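Following this message is one structure expressed as structure tokens.
Chain lettering (A, B, C and D) follows the sequence in which the chains are written, and residue indices restart at 1 in each chain.
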Amino acid sequence: MADYFNAQELHQMVEENRRVAHYGEVASYIPELQHADPERLGITVVPLNGKPITAGDCHLDFSLQSISKVISLMVALSDNGFERVFSKVGMEPSGEPFNSISKLETVENHIPLNPMINSGAIAVASLIKGESVDLKFEKVLEFIKKIAKNQGITINDKVYRSEMETGDRNRAVAYFMKSTGIIEGNVDEALDLYFRLCSISVTCHDLAQMAAFLANDGIVPGTHDQLIDVEIIKAVNTIMFTAGMYNESGESAMRTGIPAKSGVSGGILAVAPGKMGIGIIGPAINKKGNSIAGLRLLSNFSRRFGLHLLA
Amino acid sequence: MADYFNAQELHQMVEENRRVAHYGEVASYIPELQHADPERLGITVVPLNGKPITAGDCHLDFSLQSISKVISLMVALSDNGFERVFSKVGMEPSGEPFNSISKLETVENHIPLNPMINSGAIAVASLIKGESVDLKFEKVLEFIKKIAKNQGITINDKVYRSEMETGDRNRAVAYFMKSTGIIEGNVDEALDLYFRLCSISVTCHDLAQMAAFLANDGIVPGTHDQLIDVEIIKAVNTIMFTAGMYNESGESAMRTGIPAKSGVSGGILAVAPGKMGIGIIGPAINKKGNSIAGLRLLSNFSRRFGLHLLA
Amino acid sequence: MADYFNAQELHQMVEENRRVAHYGEVASYIPELQHADPERLGITVVPLNGKPITAGDCHLDFSLQSISKVISLMVALSDNGFERVFSKVGMEPSGEPFNSISKLETVENHIPLNPMINSGAIAVASLIKGESVDLKFEKVLEFIKKIAKNQGITINDKVYRSEMETGDRNRAVAYFMKSTGIIEGNVDEALDLYFRLCSISVTCHDLAQMAAFLANDGIVPGTHDQLIDVEIIKAVNTIMFTAGMYNESGESAMRTGIPAKSGVSGGILAVAPGKMGIGIIGPAINKKGNSIAGLRLLSNFSRRFGLHLLA
Amino acid sequence: MADYFNAQELHQMVEENRRVAHYGEVASYIPELQHADPERLGITVVPLNGKPITAGDCHLDFSLQSISKVISLMVALSDNGFERVFSKVGMEPSGEPFNSISKLETVENHIPLNPMINSGAIAVASLIKGESVDLKFEKVLEFIKKIAKNQGITINDKVYRSEMETGDRNRAVAYFMKSTGIIEGNVDEALDLYFRLCSISVTCHDLAQMAAFLANDGIVPGTHDQLIDVEIIKAVNTIMFTAGMYNESGESAMRTGIPAKSGVSGGILAVAPGKMGIGIIGPAINKKGNSIAGLRLLSNFSRRFGLHLLA
């Protein structure tokens, strides 16, 4: 990477894609997200062998939102094993909007289709082990700090309160899962943990570090600690590849050819297995909920450096 | 591959997985498929650099069934380009049964979710260019012969008649797409072509050769002819990865880590990009429609030789 | 009726409601219907004891369209009995659009919800007995002539051809029902009969006579012939009451309080049991497919003469 | 009625239908209902002109369950008028299970289809006016006591607690409606009121008195007080007729020919407009949720005394 890649070229890519942001809009479904500047665009690349490279607005803080689904899936699989987790949530891409509730009712056994849609992620959150919501949250936050190599990561309280205030649809989904036995414990606690995880504040540098961890088979690059089993990493990367970009997952997989997970705050975490981690922020999102300039930047980047896994 | 791989080990894998077939059943949805022997299991591997290796029941003839969807997608994309094809069919994995019609009604613009479900494949078949159904079929068959390196491939007439006689659900799907403008031409011709392509008779050796073509970026291994553009290969491999195994696509992607397409006759075509093509036959299928022993064999094989693309 | 009712008042009601037609549009789903004049409005009332009274555009010819569903249900029940007919079609109001296909797939046993939606009516048409489509059609047409007391009723060939040319969605529905065993015979014949019955040309006077037959327990008023068993009349009137006005059935039942069936040509057949038959034509229809001025006229009329059955 | 009707015949009808109960089961969805004796069957008839007649197990106490939906609809319409109530809930029969949530998501404007399904009834409960849940409940209870002519009617606390403990699916429905703006106020209060109303304890004599009120255009028989406007009575009776018996509403309307509302406790309230009110209890319910012996008894009774409104 170090050989053929330079920050200048990355900078140029960012500027070329920035204007695409005009076709998107910042998320409005929770009030706090509306304050973002739609024209920001930034990328950080963390090669497994080499130094991080950044371009554009990498200083920008934003909340993880749905990107947290990737993290909580790793933790829940570590806590419970494959069998238990996948008895409560499926592995199949959905073709449904991320906040769909109908499917929960019509699908066999009422199991959420996968951990990347809200229902699945709330079910996953309910499986994370800990004595209390506070302790569960602390555990996951510690894990994030470790894989992002950043002890300064915290929750954004305003976003958290905003999530709590406007989370009635997620409450509906959670109570439905309680009624069908998918959620066994306390509904409000599962929701609280879910909302907190969505509200964790990061930069695209943090995302790139986390992605590098996923690209490196569950070992923080530069260390020898296998924090997460490689089988879990395979599963998480695969689910991201088939279902990580909401209803645009198939198109995104075709264009970029690598696993990625987006959040409505405009962040994208993308994984080039064995090669690098990528973190992107671009708050203007398209109708599917993905950063419009960010997704195009990722696609250009993948093409330029031949990251597509399927040819 | 030649170095570390031998037929003996492959033979052993086949025998270990053969007994799993007892948990499945041969397809019954068209009468002709019921005659298959559920205990057959065979695999052929075609490395891009090296000689084909086979084990088990590789002599067995079977019809392509849904595996033909991969072929017709390549031809339709070559004939029409990405823009036109993907204005008539989506790129998103579905989470729906392969023969679902409800989704066509409820989804925006009534576009079939992807080319791997029946509706999508019929729409794709309607886009293949040619003066008549006969000529369209001949064109696709010639393409198959070329990439499978087997001039002897033909249609199985009994299967074709069986498809025609029992194809009312596909007719329903096709007429619905006619009513919404997805199919622009003659419905009966599109269905006829679709049924014929499903009825092409192959062996797992043929599948492995076709898969090797897909693993080799659209060049028949050993030649220099770019028969299909590499962008089309990327697209087709990606769609197979996210949606190639019916409602088990996500689980299969997680376990095997490579693109694969199954048919209800028990065939599986699997692609290890840049490495090899794999063809499997095992007529006993599970409830999702995939060869039960074949899928397990593919998973073992992928694990043994480290083919998983995502870690 | 003769005592308290006069043509003058009816005339006034028609003129008051005529202007409402501006809020609707003539049907466009088959080309032939588009030629209708949206401002026409006419009503005929046939009291069981008394002379017919008319007001407005009662000379206007129009095709039965969905009103034929009421007729074919009577004939099919006479031909086959309750048990067989209701093994192929339900009795439950649907809350779905009249041409929905999704419900057929998702509902238990794939039985159309009721005989007033297209799928149900096509299933009912497939049950009508006769040696050929021609003879079946003749039989139903003779029945219509008899209960409408008008030997001059015929098919409108232009409408019939228009139905045939644009009937792909109904073909989809029919082939789906063939695939699930709801239709046992020939699909094209069932569709042909269905399209012909929709294309029968009537006036609102004919509708009122037919309605009077339904109001008179299955006896043509003024005769003593029980043409249809009273149990069938009860069933047909009830189904009209709960499901006769497409997705507006509930609201219409609440406002008018009597069973009625509409067609997209703008006709309404309404039954005041034991009292009178009502026929209305008003080609401008609302988004639900019901004559916008016609429905309001019926509601006013019912209120004025206290026809509401439920208070 | 007094002329041709006697208690002896009614007694015989009850005994004939009692054995049908063996084909049903007592409701199990809330624990408290399981204690009912499935073989009980009782009926009370309150003629508008004449004395109540009873037969069978009329002493039995049971909770209103879904029958309360009729009461709360009357109160909410009185409190708010038609326009406001029907901006929050539809008038159309549904063809969906009573506790469906999918429809809420897929239907235009997310409006519950009608007030007889849980979602609609919870929306209706949220519209009842009062300073607190306690005062709202007191208001409705007073209304019930008045129309049932029984000052002793109270809530069954055990049933209420059981409802609260097992009400997660209703909570899901309510939070979904909060998220779409159908419920404007406090979700927990709307649910609490809904659960309390379901838990009101009555006998079939009480039901028959309430039904007589509905049969008498909103005037308690024997008094001159128009407690509820006749337009509301028409609406409520019509909605009961098209949607009062869950997914069996169409079939029940066809067989009995009169508006009726059932509850899973096995109660049925049935209205013969202008003639009489009928109350039935039979705790063994069928798969659709209706008293199996009770519904058959109602059908026999209606046929015997010619109550069918539609022929």
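One rule holds in what follows: contacts are C-beta pairs under 8 Å (C-beta built on N, C-alpha and C of every residue); 3 or more make two chains touch, one makes a residue touch a chain.
Quick caveat, the model's predicted, so the values are computed rather than measured.
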For chain C, the least number of touch steps when starting out from chain A: 2
Whole-Å separation of chain centres (CA-atom averages), chain C against chain D: 32
Between chain B and chain D, centroid-to-centroid distance (C-alpha), Å: 55
Chain B-chain C separation of Cα centroids, rounded to whole Å: 48
Chain B residues counted as touching two or more neighbouring chains: 103, 106
Interchain pairs in contact, sorted by label: A-B, A-D, B-C, C-D
Chain D-facing residues of chain C, complex: 90-96, 103, 113-114, 217-218, 230, 233-235, 237-239, 241-243, 247-251, 253-254, 257, 259, 271, 273, 308-311
Residues of chain D defined as touching chain A within the complex: 100-106, 168-169, 171-176, 178-179, 187
